[in-house]
Every structure is written in C-alpha cells, then in structure tokens.
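The first chain written gets the first letter, and so on, giving A, B, C and D; residue counts start at 1 in each chain.
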C-alpha cells in the first residue's frame, strides 16, 4: 500500500485546496496520470500521480485545504502483472514520504550567516594605552576621576561606564563621591564591587608594611576641652581636627609617605591634600580631600571637616575633592576598633589610621595613671619608604600631639 | 549614441592629441612621464609578454582610446589584439568574461564607470559568480579598466564615482591606482591574478606628470601604502583624492599637525591591518572619498575602524565625501561637489583641535 | 540497415541512439517532477519535456572540444552533452557530489570536462559568454565552435542583439540555437515580438539563419551539422530557429493560465518522441524489444542516479567561502 | 511643652543630622550615638542644634548627660526648658 500526498509545487507553496478528483476508490491509475486538480495561490494546477495501482481510499475531499505532504489517497500496488511494459520502478525511486526516516536532511545548522568578521582588535603595544570606552572616559572626566587605577570589566579588560560609576560610588582616594546627580540606581552592590576591586588591586600590587604607636592624648584633649570651654558652642573643635592637623604637619618632613607610585617610581606630591574618611550611613566609605591641610589653621580645618562630612553624606562632593588626595587618614572616632590596619588607596603611598580614644593605665614619670590614649597606625608602600622612616613619622606625630597649642 | 555624449568624447580626444608626448627614456634612474603614458606602457608591456593578452573596448583601436591611453597600440599589435567594439557594454564585457573562461587574458576597457552600469549583470552574475557557483571548476582571469570620477565639467551622467559599489561584490578585486608607479605596475599583476580584477583610473590623473623609474615594472595589487608618515591624524583615501590629501597634509604640517596619509590602492579586499595600525598610532581617522556618503565605501572603512580600533579612538571617525547630488555641469558647483584640499585641511584640523 | 530522412541517412544504431537520447531526457525529468513534489528538489525546476529533439539533435552535431552555453531549462542539454546523470541528479539535490558542488542546482549545471559553461538564470545572460568563448577559441587557433541555447524570450533582450552583432561583425563560430516554444513564461510570442519570424530578425545581422522543425530530431541534427560544418571552415555565426512546444508548465508552480489545454494536447500528438518512434517503426529500424531494452536501461540509470544523490554528502558549511576567489586558473 | 514634645524635638534634630536614621521608634534608654551611628562631628552638631533650638548652654563636659533620649529630656528640663 502506498500514499498519494499533496505535492509541493513550489518553494513558497505551503498548502493546497483539493478542487476535484478525476479518479475514485477502485479506479486504476498509472504513473503520470492526472488524478486531481488543486487550487494554489497561482491558480488551479493539475496534479499527476507517480504510482501505478488501484485507488484504495480517498482521504481528502473537494474543498478541503490541506498542508503539503498530507495523505490525499491510499494506492494499492497492482497485484496483476504490470500493464506498462517498463520494469517496475525500483523502490528507491518511489517518492519517499516526507516523514520517511531514511530522508537525508540537510545539516541542521543553517549555513552560517556571514558572521561579522570577529574584530580581532590589534592589541595596542603592551601597557602603553588605557583601554577605556569613550562614554567611560567622558564620565570619568565629569567626576574628575583618575582612571589609572580602575580595573575594567569590559572586553579585554577595557574600562566601561559601569566601572566608572561603581568606582565613583566607592572607596576614598581615587574613587569619586556619590554625586548628587548620581543615578538613583547606584546600588550598594556596585559600590561594594568597586571597593573590592580597588582593595584587591592594592593588595596585589602594593607591598605594604604596617607600624603602630600608642599616643598619649591627655595633653591634646585637655587643651581641646579648655579651648572649647572658652568658645561658643558653634565654634567648638573636635579631636578629629587636631589629628588631621597633626598628620598634615608631620608629613611635611616625609615626602616618601605623601605622593603616588606611578610607572614604577615614587612621585612625591607637591601639596599635602589629606583624604579624610567619612562613613556613609548606608554603608560604604568616601575620603574626600582637604586641600593643603598642612597650611590651614585648626579653625579652617574644623570648618572644612564639618562641611565635608555634611556634603559627603548628602552626596554633594566636588570632583576635585575626590581625586586630589595625596594621603588618606582613617579615623574610627569614639566607636569601634582600638586600632586600624588599613589598605593604601592606589596610587597613594601611605594610609594613617587612628583607633578609638580610650582610657588606659599609663606610666607618667614614676606613677601609673589613667590616661586617654589612641592607637595611631601607618600602612605604607615598601617600594617608596621603609619601617624606619615610618617609625620616625609616627614619633613626629606623637611629639606634635603633645604640643597641641603649636598646631 | 547621443545618450553617451559622442560629441563630448570627440572634444576630449582632440584636446589630448596635442598633449601626447613620447616617453623620453633617459639614461639614469627616472623618466619624466604622465599617468596616461604609464598605463599605456603597462598595456603595451602586457601585450608583448603574453599572446593570450588582448585589449577590447570602445574606440581603443583606431581612435586611440577615449583618453588616448591606447594610442599607437593598434599599429603595433594589430586588429586582432586591439579590438574596437560596438557600443555594447554588456555584450563585449560578457565576451571578455567568456574569452577569459576560454583561456585568454583579456583587458576590457569600459570607457567610464558611468557606462559600466549596462554591464553590471555580466560582472555580478557571471564574472563574480561562476567560479564559486561552478564549485571551483572555472576561473575568470579578466581585467576590466574604467575611468572614474569628476572634474572635467561633463555633468552628472559622465561624472560618477561608483567604485565603492563594485567593492561590495565578493568574487572580484577592485583597484584604484593613484601614483605613476601603480598606474604602470598594477596591470600585469592583475592579469596574473586568476580572478576578475577591476581597475579604476581617475579622469583627473591622466594628465598628471611625474618621475617614474625607467625600469618600473609590476607591483603587488593588494595592500595599502603609507604615502606620508604622521602621528596626529590618519587621512585614509585613494585614487583621485590622494594628492589633495598630501597637499592638505603639507598645510597641516605648517600648522603643527602631523597627518599620516594612507593610500588604500585596493578597495577590495580592504587592507584593514594598515588602516588600524595607523589609527592605533594617531587615534583619529578622516576618510576622504569622492563617492557619495550614504552606503559608500567610506562607510565600510569607518565601520572597520570602529570594529577593530574602537579603543584607539580619541574622536569619532570622520568622513569627507562627495555631496549627495548628481554632479552639476558648472565648474564652481562641480568643485563644490567633491572634497577639495581646503576642505580636507579644515576637517582634519577640526578633528585634531576641536574648539 | 539505413533509411533516409530528408537528406540525412540514418543507420539503425544512430537512430536508436537519438531515440534513447530523447527518452533518457524525458524519463529523467519525469522523475525530477516526482522528486520535486516530495521536496527533494527545491527552488525552481524548469522541465524540457516536449523539446528533447533540439538538445539531442543539435548536440549530436558538436565535437567533444566544442563549447556549450545553456539556460536554466538545461537538464536535456546537460544529459545530451554527456554529463553523468548521477552528478546532475546530485546537483539537483544540492549535494556536494553534484557537478557544481551542489551550489548551482537545477539552473546552474557546470562541467569543465565537456566545456559545458553552465545554465544561466538571467535571460540572454549567457549569449555574450558564447561570443567570448568563440573569440578565445578563434584567437588561440582552436578548432571549436560554441553552441548557445536560448528561448524566444531572450530575443527581446539587448544582450541577444549585442551578441548577434558582435559574432557576425567578428565572424565568430557561434551557433545560436533558439528554442522557440511560443511562450516566454506566460507571454505568447505575438504579444512580445514585433517580428515573430525570429530567423528573419536574426538574418538582419548578416549571419546564416534558418527555421527548423524543432519536433524533428533528424531535421534539427541536419541543420546543426550544416551550420557547424560551415563555421568550422571559417563561416561566421549561424542562427537556428527551432520551432517547438513545452508540454509542461514554465516551472513547477505555474497554473498555465496563458494557454489552454486543448493546445497542449494537440501538440502532444506530434511530439518529438511520438513522431520519431512512429517513423522508426515504419522504416523497420525499431522493434518492440529495442524500446523495452532502452526503457529498462534508462530506468536503471535513473534509479542509480537517485540513489547516488540520496547518499551523497552535503557540502560542509566550513567550505562556504571556498572558490569565492580562485587560487589559480584550473587547467 | 510636654516631655513627649521635648523628645520629639530632640529626635527631629537628630533626623536633621542623620537623615537616613529612622527616629520613629527610638529607644529612649539606648545611646543615641549607637542607635543612629553618630560620630563626634555629628554629636557636636546635635549639641549645637539643641543650643540653637532651646537656647541652652551645653558644655562639653555635659555631653555624657545627653547621650540617651531620657537623659537628654531630663538634662534639658534641668536646664530650665519649660
């Protein structure tokens, strides 16, 4: 038994409507006979049969529209000797049904569309040029952000817009403040990511050494309280201002701790712009710079600190404040840890840390007396300075804090 | 025949006669010659070297060539190998393809790219397709030469720059010789190439005079050439615009801008490596092309630069192209229709020093 | 045992060969129609059934070293020219073993060995090629003619007039064989040509030109031989207007609204196979057993060709760009 | 002004300094610095804000007496805030 199917008469013919049968059940048919008429978009077309035999059953009647390949009738192979002299067509030539398994299907993959030639950008000579997208470069300029230290997540390590936005929302130092105009969607996550990127890079590239020194703050705090008592509340100073001033003045004699590591060499900075860490209540940290902290009197530093903290929290820091730091100070204030062992913000050379001020038994002359002390720490780049120099710096810092009136 | 401006051709032929000058082969390194004479010498050299080479085209024989390029070749090589054809571009270009299929190495001259539109079917559906569609059984080692570009006030139908269209077609190569050395040297290499090669000769270059090595011979047909080194901007151009770009580079140099000039020489395949290496150095690219901007070859070159040199770019890729108009007859409008030296200088300066 | 038909003397063997040649084309194309409805052959399929006498007659007059340029209705010419049936069928399937690597399909059969320079799907597109091939042969002193086949529709194309003029102007050995089947797809001849006696039109190009009964294989061969012999001795091009009729639609998807059935049936009564078989029987050259043997051989050859095509591999996609440009000119 | 009004005023000043802080359900006995993550600069501003709002002098040594909401209310009452 074989099947007579709706023939495909053209590549764009999907279906045909049976108009008329010229044969019926029981009729004999021969190869090449016109057995029906089918209506297509091109008009009515007579269709021929390629089997010889007897029509066993008509399955699709006039008026029915069926897709190409639908069985229209069943044909019984002729039992009697074949009427036509020519030898019976070998089975291979029989029109294999659409679903016949043996049908060789063209390879599944459509011929590959001309994939655009994979642009193999010639790698620029190693290291000479920063791979950064124009959009990212423009955004960095807007934020006054130094792009050197940023790890790129784009193709081939290229820096993308997202990298800049993340860096801007993250760590002090090269990272920009969260600009008021920052897109609302700056997720906490992207800030975390940017901080992580900067920290891991710092650890990877900067050979840190760490020193700390406990400093007796009694003299300094006493002076502070006495000074505040003489002043209206609005002009009171806080300890942070003293610490800031002391670090700045001390750094005058330590250029190897105040500057940048660029292209394999320490480059001392001409100014002392101290990045002061401000914790953002929603999490995250920024360290906007207080410019020329070593030349400004305490009053000015106090006003600058107050303004800075307010604007940092409100996201209103200026781009210059976010990229000018030559050193960074992390002061945890009254709450938190005793000591800070921080990570330098590349490409700076040092990070000064202050733990919380706390009362400790302290040897004063012959006696042991309770004294308020603070743990001062230094993380520094061993390529630019060494432990000896770091120690001298902490000693100078201590000495200055013992003479608060000179700050 | 009037549609093709028969009279215009007659006038041009007459003007050329006076200017013809035998090449004075002086002892010593170079010879003073013209672009036209260099092309003629290339054809003569090819005809002499290989009996399978023959020249076919309208008025290439008795008339001596519409731009007097083939003058004297009929007398030297005879009717069989320097064949004047009827005005049947599709017919004789198709015959050229058939002859190449048959084992010859024909040089078919289509007077100008404007008339080649009649032969596009033969070029695209036969020459460019048969090798691939025959499964590699047949090659079409044919050269088709055409004049291109504007500048002789011949108005729109005689002034097109359509080489960019042909550079779109896989299966053919497209050349644009600008220097005397390329005009002299590309033809023989093109004839040796088993593929159909189209050579576009800018009409304004025929009269260009210069010094050519006395023993100048075949040159490679692929690969761009850096005609002038520079570090601030890459001027990417070809054919008729090359010498305007070199002049512009001179002016820019006086203004402290070092412009690099890239002569593409070959529009298909495009020499991406040379273009991208230049842009990697200068970080700015200005493409100068007489063809129209929309969908022109300048658009293809710009895209290749953005695809391959994106991170090298300090400024958007710039294009200076022909105005999107049918080229008008009056001189002042014709000149305004294609990039001139001053335009190139201004565009380059704007890219290097944006206000 | 010979018989004369017109001025042509036919031996029994040559007569049976002509009949077999025509039947081979017809059966092959009937199978193609079947395979098309089963979606084995795709795209376009233009059948030659009814016109077999022209391909068989004309190509019988050519020598192996002559060149042939055909059109998209080319299966008959390819088979008559001697391209292996299995490689033609594989090409119809689009398989790599096809004579054009499967890339051309039914309309673009190429074969370097038999100088078969392809079907051409642009009406008239092949004629300038034929002129060029003849020019190349003549310039290289190669004793060969080029035969190009085209329908009466091509006579309206500019390329026909440019090619006819060029060939006549340069006295090139081109045999222009016009298969005038009265319909250019859906347009009857008298609705597209001012001068419907095409041989008169061709004669205006100062070339030999005559009209031939395209349904008479012997008449076609005789005319072709006369033209080819004249060309081989330096005569210019020659035009044969072979009047014929196609029994099938222009292509598979054609409701034939432009002609009526009666006309088709009437032509079928004096088709090339019917007429030649009747004549062979009259002259006693053909016995029933001959016909049975011929049909059996053809059926076996077709079965083998279909099996070959079914089993043949597809060209790997990785080869997509091979031969866009050629590394060298094949010998 | 009732104790609640005074407490509300205090919390409002804290909210000015720490906008992100959620002062709605403040714990009156818990150290304000812990509750609202106030550092020394914030606390100074808090003291200044109370001084400006209520005209009360708060010497630095009294800071420990305003470290919780209850203590702060009591301290202010003690300073004569009506």
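The working rule: contacts are C-beta pairs under 8 Å (C-beta built on N, C-alpha and C of every residue); 3 or more make two chains touch, one makes a residue touch a chain.
Note that this is a predicted model, so its numbers are computed, not measured.
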Which chains contact both chain A and chain C? B
Measuring between Cα centroids, which chain is at the maximum distance from chain D? C
Closest chain to the protein's overall Cα mean, using per-chain Cα means, please. B
Using the touch rule from the top, work out which pair, A-D or A-B, shares more C-beta pairs. A-D
Using mean CA coordinates as chain centres, what's the chain A-chain D distance in Å? 42
Quick one: chain A and chain B, Cα centre-to-centre, how many Å? 48
Averaging over Cα atoms per chain, report the distance between chain C and chain D in Å. 105
Measure off the straight-line distance from the CA centroid of chain B to the CA centroid of chain D, and report it in whole Å. 85
Give me the residues of chain D that touch two or more other chains. none
Residues of chain B that touch at least two other chains are none
Judged by the touch rule stated earlier, which pairs of chains are there in contact? A-B, A-C, A-D, B-C
If we count contacts the way the header does, which residues on chain D are in touch with chain A in the complex? 18-21, 33-34, 37, 39-42, 44-45, 47-48, 51-52, 57-61
Give every residue of chain C touching chain B within the complex, in rising order. 67, 69, 98-104, 108, 110-112, 117-118, 120-122, 125, 127-137, 139-140, 158-159, 161-163, 165-166, 169-170, 322-330
What residues of chain B sit close enough to touch chain A in their complex? 273, 276-277, 280, 307-313
Please output the residues of chain B touching chain C within their complex, sorted ascending. 52, 54, 80, 83, 85-86, 88, 90-104, 106, 121-122, 125-126, 130-139, 141, 170-171, 173, 194-195
Touching chain C in the complex, chain A uses residues 5, 7-13, 31-32, 40, 42-45, 47-48, 50, 68-69, 85-87, 89-90, 92-93, 95-98, 102, 104, 106-107, 109, 111-112
